[in-house]
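Below is the structure I would like to discuss, written out as structure tokens.
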């Protein structure tokens, strides 16, 4: 029987994501605890500590990080504070888990990664959405070859906009919806296309359609991977109807549709009164509602922390590393560049993966021609559409 | 911070349900362990112990139950062995968790309940399906009044039939699909109609339509509760298409639809090869498949054991007690009687709940008549359909 | 090329169903026209005629029926007026199409049927829901054997209650939701179970749970057919959430789920203003809405009238005859009787169909025992669950 | 009552689309008939004529077009033959309905349009997918303002590839999936974004991932409209799982999801035998199947021809004109150019619409700052996120 290791955690940041993380950490394995919370506001620190029964809170990052009981620090701060906080955690030599996105730019992300790696400190990237139960099951199917080679991944995250002010300030966040939501979508696309499949170039549209801000509130962009596969990212801060969190995968032999949030088999009609809390970013509490059964489970938080702690406890590598966070920031940089230049932009990064194979194309031959399509006719014969490899002429033939 | 209590468990039975239970127990809180497994077959006991890394296995129930390390015994045996096993667990004074159904008949169930209660031994009834995340969220809505008074609950469980031989033998199981699947559905109906809402009478159809067995392989029955609400139970061992596990609730102010298994937001199309394991009772592995993300989570096993251990550790009462199991068996008895007598049969049980209120009917009055229906017309006026309480005459009127 | 026959129609009744019928008749083939409308209220007759561009209207049924231009009369009146109107139509010798239910009782229905048959007048029963596109496609699959023998049909119609006063008056309507909605469900069950499959007996629950009326506002009943198949009818006048119009069919080799109204692939979220008309019986116009694309198409009106006119024009028999209406009324009579007697009640009718075969049970034999279930094991061997036909003993065996 | 006009039609082309058109024309209004069919192959012409009970067939386009009985010619030929056929129809002075796409290029399309317009011949563009019942209902909601200003339209059409050889030959078709499927998607996007909303520029990815052909078998492209709205087009000839035909619309006040084909409320599970024809491009006939109830209805053919004939008969303009076909071809040209140049390309066309208004942004002001977001807090107060229009500084405030 494995020894039970319990972790004592410092939580830097007391916003919505800090709530989700702490709820998960306290419930999940029943033994890990947040023992100190940092907030620059003493009032918010105190409220957070009361809410989650946390013994200590402080307005000093260093005090939280160097708390002698603490072995692991979760950085759940605004994007512009990640690098500074990471420096302090690395200096203290604690395990470091950083929320998404890793940083505002690939350059900042690389600094964080390099710091941790040269100090030999454990670093994990808290990208929850690749850990959802549906993603896990789907990924197992993809990896077993059930849908053949992946050709296209759609990752969509859209809602009416974030809760905290700093998200809307591109100086602090790095950009708008592309950084806030795109980081999830990029990593979902990488996960299905293959982590060893280099993201080569990006073509992006971005615009500020509705909100009175400088940053983009809508974007669609395409990431071309080395294999030829395409990641299609759709993000919006102006979507109406709840949190639209869907992924689709197409492969040469099959396809997948995932709905994480709005259509998951639970449908509630409420005529008059209130149904109370429905789900994150839900817009209404009457009419037809689509609550999520186990929200922290469906969003992947549970499996994410389990993976992180298992890697820490047994000396392994978590599924999401600081390097993954750096790759995501490099793709974001390319997307932002493309939205300005109005052309495809290369993803600039120090690639650690190998070379990916192209999507398989082993066409069948018939009479010296390649078979474009084969269809079974009702009378039992087959119709072949043929391409003459020399002339490019297309023809068809019906065979016995 | 709460003290961490870890449980050492004896698992009686090594069938499919033993696998699900052990998988859940070992994964969930990371600290509880099955330390001894009982199977009457030494081969199955050994295979099971290897599969789950369990230190000891035995062909003696008493040896398992009296294992000094064990504090909690899970009875996951065929229905005809529950009473005998319960006697041994109670004698050993261990915490006792019994799988569903509690027994073959209300009489047997009552003996088990009485044994535990008079000995002061903790008893829990392992009805997982009232603990699913979707049920939990739905129940919270119902209890907050979001859908008004419950009028109707549909609980459906249908699949192509169980895996082990004893289920098909009504002498061992008690009956067929009514006992195997109906026990879930009855408790789901009670949960939404209200645990204090007495099940008064039952009207059942049952038939053996397809399988060459004596027991029923299909049944539909209605349970009338004291409030007037109806529980509608549909069970089948001949359903094609996977595990059909759906609940619906209607109330005076709203309604709910739950799909636990077949349409939960994950859809996979596989053209040719195999997608591997899809979900319990899935029939195919090509074409459109509907896998379940987190199967033990969606089926409620995780929250069920959490509830049981919290009750054990803190001296509380779990959501599902042996008394609940006894009520379910009493309803099953009435269903089997009704299927034979072809009329409504009373549910005979020692009722511990109080009296339930009838579904609310507070009709609006207009001019000394009751308002049957009120409709807003496009021109802003209202059309009322009226019932004269003295004559029963129905009329309508349009008002300002 | 077929000759084009255009029909001139008298519409008796100007309520909601008269609107649906006239909308369909005028749009569908572009050549049939309602030329006279009857309403006992001159105001409603005039408004209806204006709405649909109908040249004449009258408060005399005889005048409408005997209008020399008219060849076909549609009886779209309250249930208690069907018999009298039918007598007048038959006397005039016109084609007669009667809305559902045919009458208040089987006795009345038989009088209507006998009148038309002895006079040689064409009679059609306007049961639209067996003509919907989805029902048509599903029925073709069932009839081709795709799902094997039908074992169970669920037909559900539930909404918040009808618009006109007379529906709520059981003296005029015959009963409550059982007559209004049950007539649809019974014919859907017959359609899938097979029109030659005699409905043998009925077991019903009915109650008045919410509305201040004498008639039932909720009912669930089971119809046992000669083959052993079960029709499960669920009707409600208290359902919240729109018009719940769903059918399910289980067979020995497959199954079907149909949703006609609430989840048909069109989903609309509206945050603030109004989305206008959504669909019949929709309850809200904000939040998530589920409009129906082609409402008269999805409800079967188009194919229903096409079938009727083709039968009239070419001397055939429509899919729904007055005899079908009579069978439905006989089942309703049995349901109402069972709701009172609290036991199964026989369906009393003059059966014209033949005898139906029982659901097929051709069990495989192994070593002189019947095979209850056969499962392929992961290692390629098969596990058989066996029943000894002499002793009833259940066992299992794993074979090569 | 309107006079009934019956049309006599020449059908040029006897492929799959000719079958769909003729099936619709013969069934729909019961009075229009195809009287002559043209195919370059006498065998196919004869088979087609027999199949649809058409009196004459010919291998001469001129003979078909000039058939004295014919008033309307449907051009259902491969793309490279449209211009030549159109010249012959215009010369004959007959009404001309042309299948999608109008031509291979905007230049060809403009020649066709100019021919018809200068000769005063009626021209209709047979783009069926903007006529589907779901599109019609959705469009009415959009036009009534129910979802506010449209910001984004996703139009997706994906299947395993077309049936006839010429589609795969980019010399004949113009290109690959962009021409074949993209023409539908572009017009769907225009329909929801507004026909008066000029398509300004296009950014496209296209690749040949699977099939051994020169043309693209996959593409995703974005069309930016003058208002700022984005049309997102996804087309694929390599999709597995049937015909994926979905549209989504986001607006400032609401959103829409449409599934035309795969999830429309009809679900069929077939264990073993065959369910027969399921729907166009369905890949399997066992397992879970999703047939379409009324296929020609759901695809819009019925309403499309009704609109065309009403425009012809009453001198109006159909919803889809040759000009619309020309605009679509201009967008296709830009998409193909962008796929090569790897940057946004302008849509070059003679624009006849006016100027479209930008998406509305009327931000609320608070204390001289623009309100970025307003959230109601649980305690009844409101949290405002504010943007200082002079400094761009983001802040938040909680107000009474």
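To keep things simple, chains are lettered A, B, C and D as they appear, and every chain counts its residues starting from 1.
By our rule, contacts are C-beta pairs under 8 Å (C-beta built on N, C-alpha and C of every residue); 3 or more make two chains touch, one makes a residue touch a chain.
Given the structure is predicted, the values throughout are model-derived calculations rather than measurements.
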item: Pair with more cross-chain C-beta pairs in contact, given B-D and A-D; value: A-D
item: Farthest chain (mean CA position) relative to chain C; value: A
item: Whole-Å gap between the CA centroids of chain A and chain D; value: 34
item: For chain B paired with chain D, centre-to-centre distance based on mean C-alpha positions, whole Å; value: 49
item: Touching two or more other chains - residue numbers and ranges from chain C; value: 147-148, 240-241, 253-255, 269, 271
item: Sites on chain A touched by chain D in the complex; value: 147-148, 151-152, 154, 158, 160-161, 163-166, 168-169, 172, 203, 205, 207, 209-214, 218, 220, 222, 224, 228, 230, 232, 234, 236, 238-241, 244, 250-255, 341-344, 359, 361, 363, 370-373, 375, 385, 387, 389, 392-396
item: For the chain D and chain B complex, residues of the former touching the latter; value: 240-242, 269, 271, 283-284, 286-290
item: Of chain D, residues touching chain C in the complex; value: 1, 4, 6, 29-31, 33, 53, 55, 132-134, 136-138, 140-141, 144-148, 253-260, 263-276, 291-294, 297-298
